[in-house]
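One chain, chain A, appears in both complexes that follow, with chain B as partner in the first and chain C in the second.
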Partner chain A sequence: MTRIRKIKDTVMQSLTWLASGISAWVLVAILVFIFSNGWKLLDRTVLLGDYHARNIVSGFGDIQTTDVVFTPPASLGDDEVASTRYGFAVRDEIDKEKNHVHTITWVDDRSPLRNGTITTAGPTQGHKAPFDAGMNINKLVFIDASGEEVSVGRFKQQTPQEWIPLLDSEAKQIAEFHGKVPGGGMRGSLIATLMLIGLSLFFSVPIGIFAAIYLYAIAKQNRLTTFVRSSIELLAGVPSIIFSMMGITLIFPIIRLFGLSGQSIILGSLTMAVLLLPVLIRQTEEALRSVPTSYAQASLALGATQTETLFRVVLPAARNGIFSACLLAVSRIIGESAALIFTMGTAIQDSPAVTSGATSLAVQIYVLMGGENPNFELASAISIVILILVLALNLTVKVVSALSDKKGKA
Partner chain B sequence: MSASKFQKFMNRAGGAKKETMASSSESSRASRRDNVAFALEDVNLYYGDFQALNDITFDLPTHQVTAFIGPSGCGKSTLLRCFNRMNDLIDNCRVEGAIYRNGVDIYGDSVDVVDLRTHVGMVFQQPNPFPKSIYDNVAYGLVCQGVRSKKVLDEAVESSLKKAALWDEVKDHLRRDATQLSGGQQQRLCIARAIALQPDVILMDEPTSALDPIATARIEDLITQLKEEYTIVIVTHSMSQAARISDKTAFFLLGDLIEFGPTDDIFQNPRDKRTEDYITGKFG
Partner chain C sequence: MMVILIIIFVTSRGVRPFLGSAEERVDLKVFLTGSRWRADQGIYGLGFVIINTLIVSVTGGLLALPLAILSAVLITRIAKGKLSVLLTTIVETLAAIPSVVYGVFAAGKITVLVRDLGNIFGISTYGGNSSFAVILLLAIMTYPTMTTLAVSGIRAVPKELDFASLALGATPTQTSFKVIVPAARSSIATGFTLGLGRAFGEATAVSMIAGNALTGPSWNPFDITRTLTSTMLTGLHETTGLDYEIRFSVGVVLMIVIVSMNLLVHAAKRRLEKKGSAIS
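Coming up: the complex of A and B.
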């Protein structure tokens, strides 16, 4: 081997190393970045909490302070200050929006503060007001021995160490409580995503399977089917933002006939279904083609009709492949944002309904990062959830296809 | 075809009526002879422009094992697939001439192919049980026929598996996946699956070529037992297998039927030089 050939070899090899090194590095960098930003934040309240913070003002009527002395649990930390007369403890901490807040860390079951009713005007006025661990206390109004109203709390720049002892010693009666159920959660988007997955699959899987069966078994090779086939191929290459536009221009008038107006999860999932169809059809057809023709021959030789053969033998034998196709469709739905922006809107909902707009997890990220103050941490936390879900789905697909390979060889 | 068999056939739903009518008009020649399973008249078969079978004419006897032998590409499997019209599945395959079964040309317009295939069963070269349970495999044909009664299916599964000499090996795990069985068991299951439909004829396309010698011996035993009840046509590459199990042998070469007769005659006193060359191993 000449020197030049050796050098050429080395250069080309280094290029391949470099290229794969870069790809691996980028992947790791993304993961590290997202996990380092979001992991700290990702807890139960973020995963299952509301996105929108809720301010609570509750009144207490004539509830008198009892003489019960509450004993705080021994597990309270040094930074938590407990009120022994009212049975709760708070801590001064910094919330997801980087503000100082006094967060309730413990509430006794018999605490009189649990008996408040919401006084803010609105549909929930008069309902029982929440007073739970995790809420923030901004202000407490009590009536002291002289009958005067005294306000204490964070809004007066007091620390818990200052206002809790004041409350315990001075208060005769609690008048009002101003607090906040903190937001910044993703429960609503998680539920909306699940609804979207369910509805999209409900609309697309039957159509996809039947279309694939048609193309696999029934369609004759002619110009029309070639055209259908290439249309499906083309459809797979259409950018999803165009599907989103198609959703509002074509599908919206149809669902309006059923009395639905505006953006909704149904509109989003119909659009998603159209977007998923090409992939589903192609992969289902692939799965059908991988079924040995000997099964179909055996079935036909036993006097089964072509349809019976398809539905009793070929389709069941292809079920692993079709299942994998559905899982991949699910991971596509989880990751899709562009197709949903116009069709489902960008208003984050805490309790989504299929007939109204909502955001999926991916769209919530888009919304969080699009505002004036991008919430990087929450976006990263949601990204972690998305990545974990997609990874799990892909692993399942791998396991399923490994299993069916094994079975096929046996 | 024996009288009772014919009776059973006539009593079957679907196709029975029109076939009787057809038999009186179409051919009196074959319908008179009740020991003929298939009467072939000038059968020519084309794959597009390629002619795979040339003017095949002979009578295939009932309740005997008929072996089709010949080198690869001689048309023996092609002819076998004419009897249950599996060739229909191949694009641009065309059949001319007539194959009479009970006096009716099975390539005639009035024939229901699906019905034909319930009377003419087939076993393939590679054992091909469905990826279903043993029970579901055997019951498949009947379920497609619309049989739903569990009692009828149970009985059919048991008797078919018994006839296929598989019952004792699988009776305790009928719900097990059929693809878990050994190759020989799978092939016997495929035979049981065909038997379950109570066919008159069982076509076997090299049924033992994928099996080991012991499994082959069991299948051969089984074939010898089955001819009591069924007409069996077997395509085989093994000269010795043809000699062991068949009553009649047909030798094919390049789409022509060279010689057809009792197996002993073919192997001991072949009339044609080409037959002699083939069975003595000069080519093939």
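Coming up: the complex of A and C.
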């Protein structure tokens, strides 16, 4: 080996290391970026909260202040100010829209403020008003000893250190509470995503399995079969945004026959079902093919018919592979955005319904990134959820296939 | 069956803007060759969008291809045992990340990188939204597909070729690059096609950072751009009217571009193979 050859070899080898190093670095950069932006935000209220903030105005009728003195829990921090007469504590915080808010951090179960009823006109008028930790207090109106109404709170630019002692010393009776259940949550999209997963699998898995069985066992080797196969291949290479056009032009008129109109989760899941079919069919067929032929031969030798063998022996033996295919389908649904933007719309819903439009987690990210001021924090928080789900599903698939490999060898 | 239905239905919807009533009609020639896309003025010229899409997708793909081949060589021929598994896992994880997440990353990191790079050269960018950012993003997104295909292609090369080359006195590295990689070129070309398909069809992530230029084509990589998919997605508010219908026409163009690109790569692959068989 000459020296020049040696140098050339070393250079080429280092290039391969460099290339892989770049890919590893990109992966780490993505994970670090997403987690560092979203992790701070990701808590229970973001995960399970509403996206749209809800303003609450509640009245308290003639409820008189009791003489109970509440003891705040010892765990309150220095920045939390507690009202001992009304049994709650607030903290001055900066919310997701970068505004100062007074967030309730503790409410005693017996606090008289929990007995309010909603006073704004609307279907919820007269219902019990919420007063819970996590909400923001903007304004409290109380009646003092002289019978005058006094308003205190954040809206007067007062700090909690100013208005809470005032409330405790002056108030004789609480008249009104103005607060807000903060938004910026992802519960609606989470539910919509679950609905989407359920419906898409319901539509696509049976068809996928039967199509795979057909290709595996029933189809003859002729031009029609070749055509079907190449169609499936072609379908797998079609970008998802084309599928969403297909959903609008082809599936939409069909479901309109059933009285559904507009963008809906049903339309989205039917579109997803078509999108998933090629992958499902191919992987199920592969799973069926990997079942040793001796199984089928043994079953046939014992006198079972072809169909019995297929459904009682071959299909159960391939269940691990089919299960993996379904998991990969779920992970595809969670990550899909382009196919759903046209078919399910881009309006974020807090309580999604199957027959109306909603956003999945991925589409919510797209919507959040779309405006003039992209909301990176929330988008990253949702990305964390998506990443964890998708990577966990992929890992499960790997474990399942490793397990069945081991079993096969044994 | 679905394929035919998709083609028929989307196409029939897509040609509607060109057949409608006079004031709602779009001239097909202007649509295909125009260099201005002003939805607000009713001017729909897609020509420059097609060119932009071709530029960013092909450049992104070409950027990813050497990286993918080099990584594949490392995974299959240099790295042993655990390291090889680790590298494969990295590629698989990159492949599993959904495109919206790539979009968030691109809008938050790649654009900032491009903006800073532009500042170094004294070029002001639109917050980093540019063709260059799209190219980088597409290179990252197509890399896993190409690597996976290249790895399986290299693994499928018969051992005899390897042994023959080594027996003739070539070093292992020489063998990898001069014998094995050329022998796996068919898989690598397939991976390149699949990667390009992903690049052309990539919608959400690209539309977050493309910037949606109104005119073009622009040859400056730091200038904002507009791709077919970002055109289909941006400003989607109503589900009626010309502005909505025209998106289907763009979809038809996208399908045509992808299919012709596939045919082109296919033809190139065939020529490559012919050349290869002539040598051996």
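Following the convention adopted for this analysis, the second predicted complex is superposed on the first by the 410 of 410 C-alpha atoms of A that agree within 3 Å, B and C clash if a C-alpha of one lies under 4 Å from a C-alpha of the other, contacts with A are read in each partner's own complex, and residues count from 1 in each chain.
The rule is short, and it goes like this: a residue touches a chain if its C-beta (ideal position, glycine included) is under 8 Å from a C-beta of that chain, and two chains touch if they have at least 3 such contacts.
The structure presented is a predicted model; accordingly, all values stated were derived computationally and were not measured.
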item	value
Overlay on chain A: chain C relative to chain B, clash or fit	fit
C-alpha centroid angle, chain C to chain B via chain A, nearest 10°	80
Touched chain A residues, chain B compared with chain C	C
First (chain B), second (chain C), both or neither touched by A:V238	second
First (chain B), second (chain C), both or neither touched by A:P292	first
Partner chain(s) touched by A:L277 [first = chain B, second = chain C, both, neither]	second
Partner chain(s) touched by A:A304 [first = chain B, second = chain C, both, neither]	first
Partner chain(s) touched by A:F342 [first = chain B, second = chain C, both, neither]	second
First (chain B), second (chain C), both or neither touched by A:S331	second
Smallest separation in angstrom, by C-alpha atoms, between chain B and chain C in the superposition	28
Chain A positions touched by chain B in one structure and by chain C in the second	none
Footprint of chain A on chain B - complex, ascending	84, 86, 89, 114-118, 121-122, 124, 126, 128-132, 140-141, 143-145, 179-180, 190, 193-194, 197
For the chain A and chain B complex, residues of the former touching the latter	292, 294-295, 297-305, 308, 312-313, 316-317, 407, 410
Residue numbers on chain C that touch chain A, as the complex places them	1-6, 9-10, 12-13, 66-68, 70-71, 73-75, 78, 87, 90-94, 96-105, 107-109, 140, 143, 147, 171-174, 176-177, 194, 197-198, 200-204, 208, 229, 232-233, 236, 239, 247-248, 251, 254-255, 258, 262
In the complex with chain C, residue positions of chain A that touch it	1, 5, 8-9, 12-13, 15-20, 22-24, 26-27, 29-30, 33-34, 37, 228, 231, 234-235, 237-243, 245-246, 248-250, 262-263, 274, 277, 331, 334-338, 341-342, 346, 362-363, 365-366, 369-370, 374, 376, 379-380, 383, 386-387, 390-391, 394
